[in-house]
Each structure stands twice: as structure tokens, then as C-alpha cells.
Amino acid sequence: MKLNLSPAPHVHTNQSTRTLMRNVLIALLPCAVAGVGFFGFNALMVLVVSTFSAVAAEYLWQAATRQKVRVGDLSAAVTGLILGLNLPATAPLWMVAIGSAFAVVIVKGLFGGLGDNFVNPALAARAMLLASWPQYMTRWYAPAGLAAVDAVTTATPLSNPGGFTTLQLILGSIPGSVGEVCKIAILLGFAWMLYTKTVTWRIPVVMVASTAVFSLAFGNNPLTAVLSGGLLFGAVFMATDYATCPMTAVGQIVYAALAGLLVAVIRKFSDYPEGVTYAILLMNVASPVIDHFITRRVYGHGKEAKNG
Amino acid sequence: MANNRTFRGGVHPLHEAHEGKSPTSGVATRDFNAKAVSIMMGMHLGAPSTPCVQPGDHVKLGQVIGEPVGFLGLPVHASVSGEVLEVGPVQSVNNPAAMAVTIKNDFKDEWVELHPLGDVETCPVDQIVPAIKAAGICGMGGAAFPTHVKFAVKEGQYCDTIILNGAECETHLTCDHRLMLEKSGRIVDGLRAAMRALNVKRGVIAIEDNKPDAIEAMTKAAQGRNGVEVMPLQTKYPQGGEKQLIHVVTGREVPTKKLPLDVHVIVLNVGTAYAIADAVIEGKPLVSRITTITGKVKKPSNLRIRVGTRVEDLIAECGGFSMDREHVGKIVLGGAMTGFPAPTTRVPLAKANNGVVVYCAKESVEPEETPCIRCGRCVDACPIGLVPFKLKFMCEADDMQAASANNIMDCVVCGSCSYICPAHRVLTSAFKAMKDKIAAEAKKGKG
Amino acid sequence: MAKWNDSPLFRLALAACAALVAATNAVNGLTLGLATGCVLVLSGAVAALLDNFIADEKGRVVLFMVISAVFAGIAQMIVKAVCGGTAAALGIYLPMIAVNCLLLARPADENGVGPAVSDGVKQALGFICLVTLLGALRELMDVGTVFGAQVLPKGLQLTAMAALPAGGLLLLGLLAGLANLIKPKRSGKEDEAA
Amino acid sequence: MTRTLLFLVSCVFTQNFVFARLLGSSALFDEDRRVETALGLGLVTAVIMTLASVGCWALDRYALTPMKAEYLRVLAYVAVSLIAAVLVGLCLKAAFPKLNDALNEAGMLIAVNCAALGVALLNAEAGYGIADAALHGLFGGLGFMLAITLMAGVQERIKYSHIPEPMKGLPITLISASLMALAFMGFMGIA
């Protein structure tokens, strides 16, 4: 009888990185299905290419740098799928593959792999694609079910507010990126992640609320501001990325509030109709500074230590 | 009754399996007298005692077989009457050569001459602490800190509350639970003795609300005893930790690098209080305790065992392994969160060992350590408010300055972070190693 | 110049980083490289000559900066006269040489004019090659030409990001990483001796 | 009022001195600079840049233009920014000696002068009046402060990341700066 002498604790939670990532993938499915439903076969190809090229890029990177290949933890698949859902269905597939590779190798791999990156890989890749090929990134399909093959440049709710009824905004029968249009699918995914405790409510709720408040302050209709563009998708799936948001609860609230402010400012003043990508990226960059200043009080430290 | 008394952080290990306690929480305690015991000299925190018997001597139950050494020294008593077989090193849980006295049990249980002090409410106050030292009593919760030293209140210090730790937040263990059900009166006696010895007005017995029957029993026993109250707490690990108990019961926080006495509180395990009552009322030394034997054994049970009983005898008493011997993966002395893995079944139990848990091979396979995804679950779980994943990076980089600057010395090594980590990273034992290293460095620097 | 990493490679990359905004195509890169190189060598020589007057380190940096400002002013006029178009394209980054070439130089060593000039020339050549290479690569990726000559098929635009500072920084970072990969990074001290 | 606000956003974000104009980028490469020091250095740089802007404007207005000595502009501006840096350095030495040592560190000294000279030249090129020049100096300095503070935070964040050996040090800082520049591009087109 060979006794195992590994140290305490001897029991572990049954959650693992793989189960967490699997929960996120499940949460993303409704958005993917809705996206393909609205934008047809091209959208499906975009999602498939983005997910598989992310996984392939991670596999090659880890093999090339002689690390243990951990593609099984599904983190590359999540990054790929989220990036795919962030792109218009008209996106050329070679561009999608480059975006996924950039996300997995440059933004994550070069910094040391899972958990070591300081900005959200999918978001950085989307920003890189927008900077490199703006012409491909701003062509939107009019949603016409599976038949939608011809790329027609129509205005999105952001570039022509008021052009769509609120119901359309919610159902998602509006032009936009593959994953961000159907709000119900996003909320379904959010509910699943809350139920499986994959993410906390703090960041998405505070970010959406703050965007609404500041949009109102800047004179936009808060409801359309919340329901249009990538806000809901960004707040639920991208701002809550573990490695890139602050560690403490208060820090996360400050992070989400500032992100909401930035979304409103960018949408109001800058050329880009969509501010969510840059707002979250900027807050990812600022999150280490937030973590530096907003820390938890350690038991027995500070003035409360003596008599409670 | 909704009970919101709890602390920040913490985890719920094996919550779905009633903290792994269901097999033994309803099983009454029964005595078990092994055929031989190996009583170790270093069962308490502090220098091990020196044996004062030779092989061949005949010893009575309760006879001193080890003289105390140093300030933290405690006498060691024979837990059975019989003939001394051997005085030499034995394999213990964390020390391959622990000096021990092995005694063959003659099952007569012939007590040595005892000097009881009488009833706890009327006995002379100044003799209580010497009696505790003479009885060789140390913390039974797991720390094994000599109780008489804990009671040594320096001048300028005072104690206004004694907390009895009945939380038993560890998994699998039900020894305190059974003790509170079966010996509630004697526990309150022990608490009263301690309160009188230190002139303390308030005694609080803290019990987690997953043991309602124990709460009821102790409340009934505490009726009419002045200054004694029972406080139910929310079930969450590590509620039984000294710092967490003090914070929840009195609202005070022990300042860093300080002791509970600096916030005028002393924390005792219910088992220790019971031992104090034995020492005061019947003059008996600490020779036996209740231990939970559970996990992959045929008949999981709570046994009142003699100090020094070997693991193999305990398992035999519980009907042996409930599976093929080869499939046993791990035998842990203590609960799943802080227990020590036993290298062999010949390891004897010490005063502070409150459980023996047998795991099958599948349960004891260490999950592979994968990269940290910075999910922050360990930060939420840490009851002390540290940032475990960052400390782990510092331990990996062997950066002692950074680790101390980030308060690693405040870590109470409770295991919550390693338990909750989805990437199964080895955190708690890395912090333990780093803490020992920093302590050794400090001692070397000072020495 | 204590804690700051002192290997020539580090200083080279730093100076190139400061020139990224201007060096968006090969021509700009080359012009800027040449101008900076000349200013560096001349300032290094003059500074070495005047060295024994100023003892402390900070004073020597100030001296070097003033001298290089003079030469930078002269260089600006020459470039404006020779190729006005490029001078306009470089914008304020041409006069910025006054400060940027300080990144390349090491005015702290006191061992006379000879080594100062040779070190200056070595750094200048390195800088010219690096900045021109960067300019060429970014031009290739942005508009598909190098020194104006059409390399890639017309209309095929690799990535517009290369012309932006973000793209430049990324490219320089990858190049620096590659350099470390090919010539494993020796510790700071060793570089000093090389 | 909103014009100044938009000017602020433009100087701090769109045309950030470190990430967009890459003036003073050598300040980014100090791995173990604490976030608090970066904040202090940023404020000091903002003051120096404002002083330099006003000084250079005055020099231009009252000395260079009347004497039609544009060719001396570079030398004059370098001199003014040096004086500004030395002046601020002196009063800093008394108040915050530790900050002063950080300021006089190699990379930082060059970065500050680079930024001061840069803002002065930009003012001249854009033909700003005294008010706009001063504002440009101040807002540019705040952008500089934000950049080096965020970079100090990021350095602290990736300190324990498992960065591949050849990428350690300068290359990874360049990549980080590139990602941060990407994030700052969100404000393209504001003023």
C-alpha cells in the first residue's frame, strides 16, 4: 500500500479552468446561434474560422516554445469565439484568422500565456483589425436570415440612432457584429454564467448602468444607448475577463463605472461609433493601477485592528 | 434561525456532503483500549520532554513518563498501565525519528495516585493553572500550544473573554460534536475553571449552526452558570480559526504579529476545556481523547482512544479498510483542509490529533497544477484578506522581501485558497514553506 | 546612468522608438537616420573635447544636449534646403534629434575624443540601419512600396496599422525580441566591455 | 468651455505625448518604478512642460521673431527647457528629494527634456497664443503622467508573468506600449 504524502488541503473544488471556460462557451452559444440565424452562412464561417485558428495558433505557439500544450483548457477556443462574435459577418476569413492568431500569440502568448496577459486578447485583436483593415471592419449585413450573402453597407443603430424600434434592438434584427445584436441571447448567456458562478454580477451591471447614466448626461437616449452596439456583449463577456479586470470588488466597480463613462464619451465625441472596445481596453490598461491603489485591508492591519 | 454571524472570505468544503461528517456525526462515542501505545515526547508545541522510564519498568495509568523541558515544556503521562517495552524513536506524521515510550497494555487501567482539587466553582483559584500544567494539557484543536503558557497573563495584560471553540469547521471530524453532546456539563465545568483561574467574567461557547443538537445540549448545560453563553455561528470554513473566532464573537481583530491576549481574549478548544475539567475535578492527566475514524473504513466511528494509539489499531477497531488494501490512496491525521498525511499505518496519534481519514486512491490523486488564470477566487476566499495568487508568484520567484511586504506572515495556512483554486495551484503548502523559511531567516539573523 | 540598462542594443532600440512616428517610410527613416547619425558623431567629438571642463555627470549631459542642439539646428536647415518635402514630413522630429541622439550617446566616459567618435560612429551606423529597416518594413506593409518602388501588387494593402505608432512599437518590440533570440542577452556588464 | 475640454481629451488621449507622439517614450522603460513615483514624475513633467511652453512662446515672441533668427529656435528652445527642468529640479530637491533623484535618472531626464522641447516646437508649429501654449503644455504633461503611471502599473502587473526569455525587459515593454497605444486610439477624431 503506497501512501500518497501530498500536503493539505486534501480536497479540491470540482471546478477547473476547463469547466469555467466550458461554461463561458456554453454562455456564448445563444449569441452564436442568434448571430448565424440573422447573418447566415458567412457568420457561421467567421465563427468557425476564428475559433479554430485561435486554437491552432495556441497549439503552434506552445509547441514552438516547447511548453506543455494546454489547448485542452479551452481558453483559446473562448478567445477565438468571442473575437468571432465581435466581427461583422462580412469579415474576410483571412483577416479573422490573423485576428485570432494576433490575440492568442501576441496578446497572450508573448506575455506568458493564460492569465499573464494584461489586456483582453479578443478586444486587442478587434482593435488591431479595426486599425489595420478599417474598410473590412465597418461593412454590416442587413439581417435577412440565411439568404444574407450580399454585403451591403447599411447604417447601424449607432450611426443612425432612432432608425430602429426598441423591439428590433432587443430581438437583434439589426445590422451589427455577429454576436452583439441579439440582446436576449446575451442575457441568456449572462444568466447561465451567473448560475454557474463563472462571473459575478458586478462588472456587467455597473458598466451598463454607468453607460446609461452618462449617455443621458450627454443627451442621448439611455435605452437605445444600452441596447445598441456592442455594449451588452462587451460588458457581459469581455469586461469580465479574469486576467484583465481588477481583483477587489470595489476595484471592479470603479473599473466598470469608468468603462461606462468612456463608452459614453467615445460614442458622443469620437469618430468611432462603437466605443465599447476601446473603453474596455483602456480600463484593462488602467486595471493594474486600480489594483495598486484599491486593496483589501489585511486582518490585523490598520487602525481597526485593535478593538474592532 | 437565520444566523449572519460570520467573517469575510472562507469556503464551504464538501458542503454538498454535509462537510463529510454525515458518516460519524450520529455515531455515539465508544472507548477503545489498544494492546500497545507509543506515547511521543514531542506532542506539544515546544521542546520535546525527556523520557524518565526504562524498558521493563511497570507503569501505572497517569504516571509521568516524560519530564518537561524548557519554558513551553509539558510532562508526558502514561495513557495505559502496563510494561514499558521500548524507549526510542518511532515514525511520526512529520518527524521520522520522534522519541517515544512504547507501553504494552495490561488492560488493568490501574490509576496512579491522583490529587483532585474538587468542584470547579469552589476549588482554590491559584491551584488551577499549576494543575493544568501538571496534567500535561495542550491545545486539542490542532495547534497543541501548552495551555498553562496561554493562561500566563503578564502584568499590564488582562483577559475579559474566553471563547470555547466548538465550531469544528474542519471536514470529516465530529469528535468535538460528540463531546458536546455527551459531556456538555463537564465542558462547561472546564470553561468555568478557566474563567475563575483568570478572573474572566465572560465565557462564550461558539458552535457552528450545522450542529443544532450540540447547540441545544450546550445551551442547556450553560443554564445558570454565570458568565457562560452559547453563540451559534454560520457554518463556513475556517470559522474555527483563532483570528476568525475572535473577530466574529467579540468584533475585535488580533493585530498583526500579536497574540489573542493582546485583545484580551483567550481561545480554547472544547476538548481542552473537557481535559481541564478532568484535571481539576478528578485530578486526571490528559491521557485520552475522542478521535473520529472515517473515510474508507468499514465502520466509521468516534473512539475515545488512549494517547499514542497507532493508526493501524484504530483502523482494525473500525473493521479495517472498506476496500482492497492496495486501493487505499492516503491516510490523513486531521481534517481534509489542514490534516497531515501519514507515511505508514504504524504512526501513533498525539494529543492534538482529532481524526484519521482514509481516502481511496482516486480521491487522493493530486490534480495537475495548471497556470493561474487570475480569477480572484482565492482572494475572495482568504479569510485574512491576502492576495494568494500574487504571493504564489513571489514564492515561485523565491522573493522573500516581496512576500513579507505582502504580509505572507499573516497567513494562517487554513487551505481555503488551495481548495477553491480552479487551476488546482499548490498555494497553501508553498506559503507554509515560505513562512518557515522567513522565520528561519529571522531567527538566524537574530541568533 | 546607473540603474537604467546600459547595453548599446537597449539604447539603440530606445532611440529608434523615439523616431517611430517620423520613420513611417524608408525615405523618412533614412533621412532621419543620417541626420541623427551626423549630429551624434559631431556632438560626441566636440563634447569629448570640452570634457575636462565639467566634472559632474549631470553637467556633462547638459553640455552634450546644448552642443547637439546647435548641430541639430544646422542639420535641420541642411535637410530643409536639400529635400524640403521630407523635412516637412519629418515635422518636429527633425529638430527633436537634439535630445534624441542623447539616447544613443554615452557622454559619461572620459577617455578622450578617439573612442567617443568611434563609439558614436558605431551607434550612428546601427541607428541608420535600424530606422531605415523599420521605415522600409512599415512602408511595405502600409502601401506596398519600398523607397517608393512598387514591391507588392498595386492595391494590396497588408496592414494600415504599420504606419501608426502602435504598429511601429509592435514591430520594434518583435525585432528587439528577435535580436535577443539570435544573440542571447548577455548581462549589462558584459555589454559594457564589448 | 467644451473646446478646452475637448482639447484636454485630445492632448491626454488622442495625441498622447508618449503613446501617440512618442515624445519622451524613454520614460517608459524603467521596470521597477513604483506607481506613486510615476505619478509624481508625471506632475513634475507637466509643470516643466508648461513652463517650457510659456518660456519658449515668450522667447519666440519677444526675441526670435523680431530678430528673425528662426534658425536659432532649436538651440533656444533646448536652453529654455533645460532651464525649466533645472528650476523645477531645484525646488523639488528641497521638497521631495526622493522624487528629485528619480527625475535625474538617465531615462527620465532625457524624456522630460524631449517632451518639453516637443511641446514647445509643436506650439511654434501650430502658432498657438500664450494661453493655448500653456494649456498644451499642461494637458500634454497630464497625458505624459497618465501614460507613465499606467505603464508603471502594467510593469508591476506583468512582473511575475512567465514572459519568454528573449522577450524579457525592453521587448515586452515595447509590446505593452504598443497595446496601450492601441487602446488610446479609441479617441481618434476628437478635436
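For the reader, a short list of remarks on this structure follows.
In order of appearance the chains are A, B, C and D, and numbering begins at 1 in each one.
Definition applied: a residue touches a chain if its C-beta (ideal position, glycine included) is under 8 Å from a C-beta of that chain, and two chains touch if they have at least 3 such contacts.
Just so it is clear, the structure is predicted and the values come from calculations on it, not from any experiment.
Measuring from the average of all protein CA coordinates, the nearest chain centre is that of A. Taking A-C and C-D together, the pair of chains sharing more C-beta contacts is C-D.
Distance between chain centres (mean CA atoms), chain A to chain C: 39 Å. One simple way to say how far apart two chains are is to compare their mean CA positions; for chain C and chain D this gives 19 Å. Separating the centre of chain B from that of chain D, both taken as means of CA atoms, is a distance of 60 Å.
Distance from the chain A centre to the chain D centre is 32 Å, each centre being the mean of its Cα atoms. Annotation for chain A: residues 106, 110, 113, 116, 128, 131 touch two or more other chains.
Shown for chain B are the residues that touch two or more other chains, namely 371. Shared interface positions of chain D, i.e. residues touching 2 or more other chains, are given as 162, 167, 172, 175, 179, 182, 185.
Remark: the chains found to touch one another pair up as A-B, A-C, A-D, B-D, C-D. Touching chain A in their complex are the following residues of chain C: 157, 159-161, 164, 166-167, 170, 177.
Within the complex formed with chain A, the residues of chain B that make contact are 11, 13-14, 20, 171, 243, 247, 250-256, 258, 263, 325-326, 328-332, 334, 336-345, 357, 359, 361, 363-367, 370-376, 379, 383-387, 407, 410, 415, 418-424, 426, 428-429, 432. On chain A, the positions that touch chain C within their shared complex are 106, 110, 128, 131-134. On the chain C side of its complex with chain D, the touching residues are 1-5, 10, 13-14, 17-18, 20-21, 58, 61-62, 65-66, 69-70, 72-73, 76-77, 91-92, 95-96, 98-100, 102-103, 164-170, 172-174, 176-178, 180-181, 184-185.
The touching residues of chain B, when paired with chain D in their complex, are 371, 390, 393-394, 396-397.
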